[in-house]
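What follows is chain A paired twice: with chain B in the first complex and chain C in the second.
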Partner chain A sequence: MQIRNRHLLGWLEAVPLTLVLVAFLVAPIVMIVIVSFWGATEFSIYPAFQFDNYAYLFGSKVVLSVFISTFKYALITWIFTFAIGFTVAYFLAFHIRSLTMQVALFLICTIPFWTSNIIRMISWIPFLGRNGIANQTLISWGVIDEPLEWLLYSDFSVILAFVHLYTLFMVVPIFNTMMRIDKSLLEAARDNGASGFQTLRHVILPLTKPGIMIGTIFVVTLVMGDFITVRFMSGSQSANVGRLISNDIGLLQYPSAAATAVVLLCTVLIVIAILLRFVNIRKEL
Partner chain B sequence: MDRRPPSFYFLSAFFVLFLLFLYGPTFTIGILSFQGPQGGLTFPMRGVSMHWFADLFQEQAVGDIWGAFRRSFALGLMVMVTTVVVSVMAGLAFRKRFAGSAVLFYLAITSLVIPSILISLGVGLIFNQLGLKIHWATSGFGSQLTWTLPFGLLIMFAVFNRFDRSFEEAARDQGATAWQTLRHVVLPIIAPSLIGVALFGFTLSYDEFARTLLTAGSYNTLPLEIFGMTTNVTTPVIYALGTLTTLFSFAVIGSCLLLVWLMGKRRARFGSDAGKGL
Partner chain C sequence: MAKPKVGYSRRTLLKAGGAALAASTLPAPMLWAQDTKDIVLRQFGTGVSNLNDVAKKVKEDLGITLEMTALDSDSVTQRAATQPDSFDIADIEYWICKKVWPTGNLQAMDVSKIDNYDKIVGIFKSGKLTPETDIAQGTAPHTVGFIEEPGAKTFASEQTNWMTLIPTIYNADTLGIRPDLIGRPIDTWAELLNPEFKGKASILDISSIGIMDMAMVCEAMGEVAYGDKGNMTKEEIDKTIAIFMEAKKAGQFRAFWKSFDESVNLMASGEVVIQSMWSPAITAVKSRGIDCVYQPLKEGYRSWGGGLGLSSSLSGMELDAAYDYINWYLSGWVGGYLMRQGYYSAVPETSKEFMSENEWGYWFEGKPATDTITSPTGDTLAAAGDVRDGGDFYERMGSVACWNAVMDENQYMVRKWNEFIAA
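Let's turn to the complex of A and B:
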């Protein structure tokens, strides 16, 4: 028997994806929301319907400052990943002339990402440490007399690691949209007397916006949800929301972790909703 | 050819700096993993040796690295196969623009952008409350799929948006059934992209940490094992492990690229019978 109804056939083909998402995305979120109203003793959690967890969250100055530093990390990382990612993508898309060369250079950029995330993070330690390469080089050049203490285990190193880990998430979508810009538009701009900068500002930038938005969504959500980079690179001295959650989990305070998770989720979704107003992702693929 | 504008040289320099930034740390630990037996985690090198690589193979020294590697590898393969099959099915489904596809699409996007630790926490809680045992092959497997499937789906969108539908029409006109069209026309054409999806699935799973953290159960996967090592191992053995895992990724990805290249050659040779009088 042939199935002719496209809706029915479509649904049949989409069943596995739907099942996975319902079981491992929707159900966990629902569970987190439920548990966020539960209570906890030192050893166990018990079902309840109370607002204690949220009352604590919204009343605590510490939590507020943690949220602020989460936004701070996201914003600063975004600025750097965007500036670097846009420049690299621009270079690859408009200054490299052969496709083979573009693909080759692009692959070279992706090779470091074949290593484990955590390995890439710890590989900064011999670089930035008190007796690390950076300090020794600067001392041998006579730039500084004493090792810089803020290179490692600081906000600087956290953001450096974020930029290192996530710039590629900016390069890929921006490069992808730039490659689809019709080159004759650039010629038209030049023929009309636009300078290189004017072309960049009025032609390339607007046409690249969808790629920028997709990259931004990736970087912002990855940074906001992160807990491991902040822990490693700050030497456990800084915190963001992700760390708050993972600390609660470590202490088996699941209801409190769940409430923080709900607030984090809402924050992330609001940020994305704002970003999505600038671009229709489905059209851009 | 036009003369290169000055900006070209400036941007080239920028690009080179970017590459140095990307590669520098990995090279550093690559070099440091050959530290002599007396050497520590930082420079200077105290001799050059394979000591720390040898150390990796003495199991008692560093925990269950090889067990973790086997589990990660098996899990990676499971995730890879599932990702390819499910993404292709979903990709085909979305081409039909069935009712409700927008909801499913946004669900997939949510899955991609939701902080990983939430998946980990939620799945862990559900298994706990249902009295099920968390295990890397069940809860860990499902959690990783929430990260690999949306990626696979996005790649399938990109693939099908560039797919020339006239090939399918031609097959249908020749009397092929829907299944025959899929089997003999669509799948062979998209095969190289499927290798890309497979590679994505495997490497994302192989490196996934946060989503597996609370869902792997009592047997660690490799990223979890490495994470454990970072807190209690203070010798270059961890760099040796880093270098080995990097080489392993190189091998996997290199062989995939080789496969794509071979398929391309084969296709160029056998793909068309035009002008052969067949």
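Let's turn to the complex of A and C:
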């Protein structure tokens, strides 16, 4: 049988993907939203429609402070990953002339990703510890007399690990957009007497905006959802929203965890919506 | 290139032939023996007692295949409460039992089928170590050890014919210290919050256990007087957490730990000099050649006990195999294995046969070692002349101040605990 109606054909083509998305994305989220209104005892959850979980979430000072620290981690990590990512991408895209060299150097950037996230994170612990390599080196150089306590189990170590883990997610999309910039534009800028900084600010930066946005979305969502890094690198001394959820799950408080997850999801969506105001990603892709 | 594998060797063919012959002449028992070889029991529990050596030995002795999964306490609770069909045997702690039993995922055990029931130490039956000792506070194992009849969701107040868990392992916990970095005697729980150890103390981040350690500290400091440390009122919880929150903000703690390895690393790297710790973790630090002491304290110990529970979906031949396994468990080999790591066996009598006189003297009787003491895996734990910390079995287990617990106000406590961690 030949399908003549083009609309019908279009719909049919979209069906498989729609089904997959409904089954594995929409349905779980709907389930989480439903459970977030349920109640829980020590060992069971029971269907109900109550606002207890949300009331606690929005009423607790602790939850507020945890959300604030989540944003703090996301913002500071973003600043560093952007600064480093942009510089690296700029260097790769505009200072390396041969394509082979660009590819080779780009591959070098990915070397750390040959081991798992957790291993890369945990290997910081002996390095930064009280008697770790960093402190011993600084002491032997005579820079400090006493080991620096704040190197490990502090916000410093958490952000350091985040930056280490996620900078590549910034490098890749920025590098990608930079590569697509027409080099003649840069020449034109120079011919018109623009300084290097002016070219960067008025030509390169606007043209790389989509890459920056995509990188930002990666980094911000990853940092906001990551709880393992916060737990290990702060020695469990700090918390972000992810840890709140994982603690709840560990203690069988699924409805409370679901409510927190819903709030986190909404927060992340709002952040992304705001970011998308700055750039039309669909046009750029 | 490797040769293709031959499916049957001559030997297995002969064996199979012999079995077939025997099966045709003596059908029933032979079939049964064939079947037990295929039985697989899935066991999960904390890393403390889910050891591959046990699985290996039970395969040798009984032919049962035991599949082990080791998890942390919270994951154990979760799995037992939410995935009843994912296991046959749950190796859980008594305080977890209080959360898990009401879900109906475990079935009661018939005491009359347990061979060594009479030899199980009193703590798990009447709550008393010896007729004279007091029963400690908290979720003492005997209070959640029995139910009136199969299917009951609440615990019996006395011994009955139906047990929730078969006790296997227990110990008395205290603080671990680094004597080389502290350089003076430590004899009270209150030292954990001593400003002298600012930035060098730690406590574990498992609320049900951590709150008990906190309570031992607050009581020792004279800050809070508890009716029952294992069942605090909201007010007592508030006071306890407030004291620790203040210490946390003042920078008393270096880190909190959740897993065994974390506690070992904190101590071995010198990040921490005093922390709540578990006995095998001390052993692990010591085996790296670092001085570490499981310090007995004047206020006594915080104790825990574990046991084996049967999944409610077990029946028929698997159930029989599970009973065989439990009887084997209490018959001594495992007990000896556990006791040679510093834990106590629920049936010490039978373990004795699997330990040397030196080992029994050192671990159980608190006597000086007459020769090197090694762990079951061969690490040296003590030299000749060393004495176990805390004295003999009766002295240690007799000084238990409280058991790990689940309180009536548990949910409130957990919320406060999260606030403490997030503060």
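By definition in this document, the second predicted complex is superposed on the first by the 265 of 285 C-alpha atoms of A that agree within 3 Å, B and C clash if a C-alpha of one lies under 4 Å from a C-alpha of the other, contacts with A are read in each partner's own complex, and residues count from 1 in each chain.
We take it that a residue touches a chain if its C-beta (ideal position, glycine included) is under 8 Å from a C-beta of that chain, and two chains touch if they have at least 3 such contacts.
No experiment lies behind these values; they were computed from the predicted model shown.
A.B. asks: Applying the document's definition of touch, where does A:252 land relative to chain B and chain C: first, second, both, or neither?
C.D. replies: It touches chain C, and chain B stays clear.
A.B. asks: Is A:265 touching the first partner chain B, the second partner chain C, both, or neither of them?
C.D. replies: first
A.B. asks: Identify the partner contact of A:84: answer first if only chain B is touched, second if only chain C is, both if each is, neither if none is.
C.D. replies: first
A.B. asks: Taking the superposition on A as described, I'd like to know which of chain B and chain C A:227 touches: first, second, both or neither.
C.D. replies: first
A.B. asks: Does the superposition put A:116 against chain B (first), chain C (second), both, or neither?
C.D. replies: first
A.B. asks: Applying the touch criterion given at the start, work out whether A:35 contacts chain B, chain C, both or neither, answering first, second, both or neither.
C.D. replies: It touches chain B, and chain C stays clear.
A.B. asks: Count the residues of chain A touched by chain B and by chain C, then name the partner with the higher count.
C.D. replies: B
A.B. asks: Report for A:136: first if it touches chain B alone, second if chain C alone, otherwise both or neither.
C.D. replies: Touch partner of A:136: chain B, not chain C.
A.B. asks: Using the superposition on chain A described above, determine whether A:55 touches chain B (first), chain C (second), both, or neither.
C.D. replies: So A:55 meets neither chain B nor chain C here.
A.B. asks: What is the contact status of A:14 with respect to chain B (first) and chain C (second): first, second, both, or neither?
C.D. replies: Touch partner of A:14: chain B, not chain C.
A.B. asks: Shared contact residues on chain A, chain B side and chain C side combined as an intersection?
C.D. replies: Of chain A, residues 125-126, 129, 131-132, 249 contact chain B in one complex and chain C in the other.
A.B. asks: Can you name the residues of chain B that touch chain A in the complex?
C.D. replies: That would be residues 4-5, 7-8, 11-12, 14-15, 18-19, 21-26, 28-29, 32, 41-43, 85-87, 89-90, 92-94, 96-101, 104-105, 107-111, 113-119, 121-123, 125-126, 129, 142-143, 145-146, 149, 153-154, 157-158, 161, 177-178, 203, 207, 209-210, 213-214, 222-223, 226-227, 230, 238, 241-242, 245-246, 249-250, 253 of chain B.
A.B. asks: Which positions of chain A touch chain C when the two form their complex?
C.D. replies: Residues of chain A touching chain C: 42-44, 56, 60, 62, 65-66, 125-126, 129-132, 149, 152-153, 231, 234-239, 243-244, 247, 249-253.
A.B. asks: Per the contact definition, I'd like the list of chain C residues that touch chain A in the complex.
C.D. replies: Counting only chain C, the residues touching chain A are 74-75, 77-78, 81-82, 99-100, 102-103, 199, 202, 205, 207, 248, 253-258, 265-266, 269-271, 406, 410-411, 414-415, 418-419, 421-423.
A.B. asks: Under the definition above, what is the set of chain A residues touching chain B in their complex?
C.D. replies: 2, 6-14, 16-18, 20-21, 23-29, 31-32, 35, 84, 87-88, 90-92, 95, 105, 108-109, 111-112, 114-120, 122-127, 129, 131-133, 136, 164, 167, 196, 217-218, 221, 224-228, 232, 242, 245-246, 249, 254, 257-258, 261, 264-265, 268-269, 272, 281-282, 285
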